[in-house]
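Just passing along the structure, written as structure tokens.
Order of writing sets the chain letters: A, B, C and D. Residues in each chain are counted from 1.
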């Protein structure tokens, strides 16, 4: 068995990772650390793991060597300890934002602070297999992905891959998100009485995940607008752009199907009838799938491209496990077969 | 105009009170105090009051004399300052639990601390007009009501008033509540991602509001079981008891209708068809009505009595304003005419 | 008292209208018709109206003359009977889409059928007081407003009124809506188990309300994208456009404040702190207010303009009552003073 | 591979069964029938099954022989065709209520119609492994379980098995349920705008599932009170009873732990701290676990016993698959290892 440990396992990303790794047929979870929960059973924090594990949270200072180390700490921590972690494991997958951007100047611009380990940025591969499968399978260091960035990148991927966007205009991406995105540490605005029933646009533009979309899609004029809705898990990205002159619906079908065919977790959803005609995150809770759909207004070239994911899975821990599978040479879908539930 | 002020106006009860008093045709709101929000506009904390008021929160130390003083502080504070408040206003309505129980020993038993002003307990009238209309109209000091106690007391009122309960058995009351009951200060369990989609029985018995039901209904063997559900406003109390031998459905109709006829905010809901056949809090948000209903199993005398209210209205601020109306000799329903919304 | 009747009073719009008119100090509700509920109490369909009214639904065939007639039927009906209704009342306010568009060709284009009474289109004034206060106050026939169109029109109004938009680009409006928009007649997709927890983009473009935005704003290149979220009441419109070269945030403050100052139900929400910094519909349930906000990216002229309303109030019945107030020469806000609730 | 088919696969129970069987390592799904969806892909009805299957719904008239046949039709159908189904498969698991009661007179009493195949009642074993593991493993015909009955039976099981209940009093079970219980065919009351935000007591007593609790627990004086809350998946049963004189908390711990130790899908949840101290269905979506908890008021013997399950899993399809595992001699937990999600 391959040994793995999780640093920072008491948050939502860490908990989801733990759920996946405990059920993964090829790995053994050795340690899960948490500063504030040392000695507690993991199921006292992650109540779905009762009966699934008798593991207890370890002190991060007592971390032992493993084959693969997952870092699931709040942003800004991994970069300060990366040297130390690299001594404990030859393969590291970091879910935080610390090593997502290739350029230290970009990091400083979007995160408003100097990067503590800029020399490490070039060693990491951006951990979205749909964009970097080949590189990931050869890498030692993988960065996590922003959940909103992932929904945006996958919404744009068919258009960018087939070079269908007219880049003279702006790409506007409207993103609707559930409350688990905010992490396990709530604030006054996440109190149920304040957070239920909301349609709350908390970022008109300038969200940090924008940097990952610009970097990965190679498009400069992109904005993300973030709106919180009454849901726990799930992200929907709706991207608006203009296609190049002459592009018709048939071209789009071809581009979207190509992406779905190349990627085991991507599926085009575009039905003429039934309730679920378009991608929506509702049925993806716990699943690693990304559902893509689109509508083209042929009269003016306005394309609306939609991507739905579970922010904690494809948008975080699911993609991280998928990367581990690739790095280890296992089947890419191993331990990620859960279909999602309906109804839910 | 009658002048009123609110001490502790930044919580949910205080905010609801402020909404009602700002729209009340006979009163002028002079001050609203808050320790943590001094100098802020009230609408910065209560966003529904934009355009409705340019009032700012005052320092509680600068409280001025008024005709009616409302106390809406957390439990345990009013009892320490009641002498001082009594110098500022001849009429006081306290929404907290401090003066609800008549007996200082009861207070100590249920609240696990000695009462700081036991000599004041006898001066207060329990502020539920459906139980003490006459006394309230002559009183100077009115206590608030517990929201769960109110739903329970009103569910039992027709049965107790008509003396229909077989008191040799237990009265079991199951209460389902929304998240606003917990107050404006959230905790880890009220974080949306943890509090959404719950059916969470947080108190099997022993809830403090039980003391108010025992006191007001004069029944000793009563238990309240509290379950949180995914809703912001609303309480439903479902009371289980045995009726005396020979009691039939017709007797119950008579008893429930009598209570509805005596009380402008009580209504019997018991329909044979349609969606809303039984009392439910959904359509009562913002309204001061209590909906009562019942089912009797004539084969064994099992009565299920149901009461739905908005916890912030009939269960707190609405009843407080209703008491003020009675104390001032105004129409009992003044400023409380809002019907509730449908759908919502 | 001014007499009013409602044709088609069993739907959500009709029910909200009835709630408002029953509480309105200047009117007496004479009849409420419904084909399927003749003889039933109105509160059997609108459960919030218990104790508020003993009215029963009438047969539409027995409609009697009144001062003001409200039509709240499904789209496509009023146009077939308008001649007959005009004989019963000199003032008519129609909430349906039948008389919103000025041009019969537009109607045919967007509603895919010939208009049955094109000669009446010119007699109606579009019933949004924020756009046509003067004309409404002199009119006999008022059309209702589309709820999504209203949120869009008000989001754009400050920009259009101050002529700040660069019209060489597209205006993209993303709209998130609650389930009450779909009306009281559900379908398989509105079943709770399917409709809860959704982020469902049901119209990428081409929604019928687009026609009202194009007509009222005078902008051709506008698209509305509609997404259903888990909420009952409320609409949020987020409009994306480019401002003219040189426009800065200060210009926008001026434009938005001007609209708020001219209109009693419009309020600018743009706070630096607190939970409710931007417009959101959550606290507007039951209220006729429209909350407007904006963010400008001065680096590229991207303006994000936001409007929140209650779709059944400002987006339908509230605006209709506001129009009645203007037509009758009453205070514009009469019977519409409800502030909304917090929390909810 | 063992072949299985599902009759009536378009409902929620059938869909959940299909999800489990498609992922089950020992079976091959041969056919899924549906009268109204013949020829459609199963994922057009069960959107979570995209990419998981290219199966299409078959005509029930073309059903072929298989090893195990699952019946997931609406109640009242299987009893009319059981002879025919028995010719197609030697092992049958029926999820409907048709064969749950052992006594035809009981069926007639609770279902208000004569049973069409009373001679078959004795051939079926009630399909809750926690009650009949031994019999199930030898049986050819297994009945499904009512979801509310299952939550009730498991809440009572430790008390009944250890003979701790004072049977001279009543057992009152309060059950809170999500909307998926109502099945995939909605009604006016399940429309999202009407069903969201409810606390709706739809059955005070007399619910059909009561018959299964009486039969399986051997207690006559039991009532179930059913309340719908705003949730899609999940049931919580809260049972109130009196324990025999002298029973203390320690006795209960022993009884509950015994049941947990005997059953792989039962877990006792009774924590002193954290958010999830008691059983709640929120974290069980998609999982086959039953969480049990209790509180005893030693002063009066009032026991509150709580059971949380996912109604579509342990309360229906999960238990059915668990039965299949036992019948086939496989590991009881095969294909049922999913832990549930947190947060959700």
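Definition applied: a contact is a pair of C-beta atoms (placed from the backbone, for glycine too) under 8 Å apart; a residue touches a chain by one contact, two chains touch by 3 or more.
The shown structure was predicted, so the numbers you read here are calculated from the model rather than taken from an experiment.
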If you tally C-beta contacts across B-D and across A-B, the winner is B-D
Work out the mean Cα position per chain and let me know which chain is farthest from subunit B. A
On a C-alpha centroid basis, what's the spacing between subunit A and subunit B, in Å? 45
Centre-to-centre distance between subunit D and subunit B (centres being mean Cα positions), rounded to whole Å: 38
Residues of subunit A that contact two or more other chains, please. 12, 179-180, 184, 188, 193-194, 197, 230, 232, 275, 343-344
Please give the residue numbers of subunit B that touch subunit D in the complex, ascending. 169-170, 172, 174, 176, 188-189, 193-194, 197-202, 204-206, 221, 223, 225, 227, 229-232, 234, 236, 238, 240, 275, 278, 280-282, 295, 297, 300, 302, 304, 306, 308, 343-344
Subunit D residues touching subunit C - in the complex, by the definition given at the top: 12, 178-180, 182, 184, 186, 188, 190-197, 230, 232
Taking the touch rule as given, give the residues of subunit A at its contact with subunit D in the complex, in rising order. 12, 15-16, 19, 22-23, 44-52, 179-180, 184, 232-233, 264, 267, 269, 271, 273-276, 283-287, 289, 291, 337-344
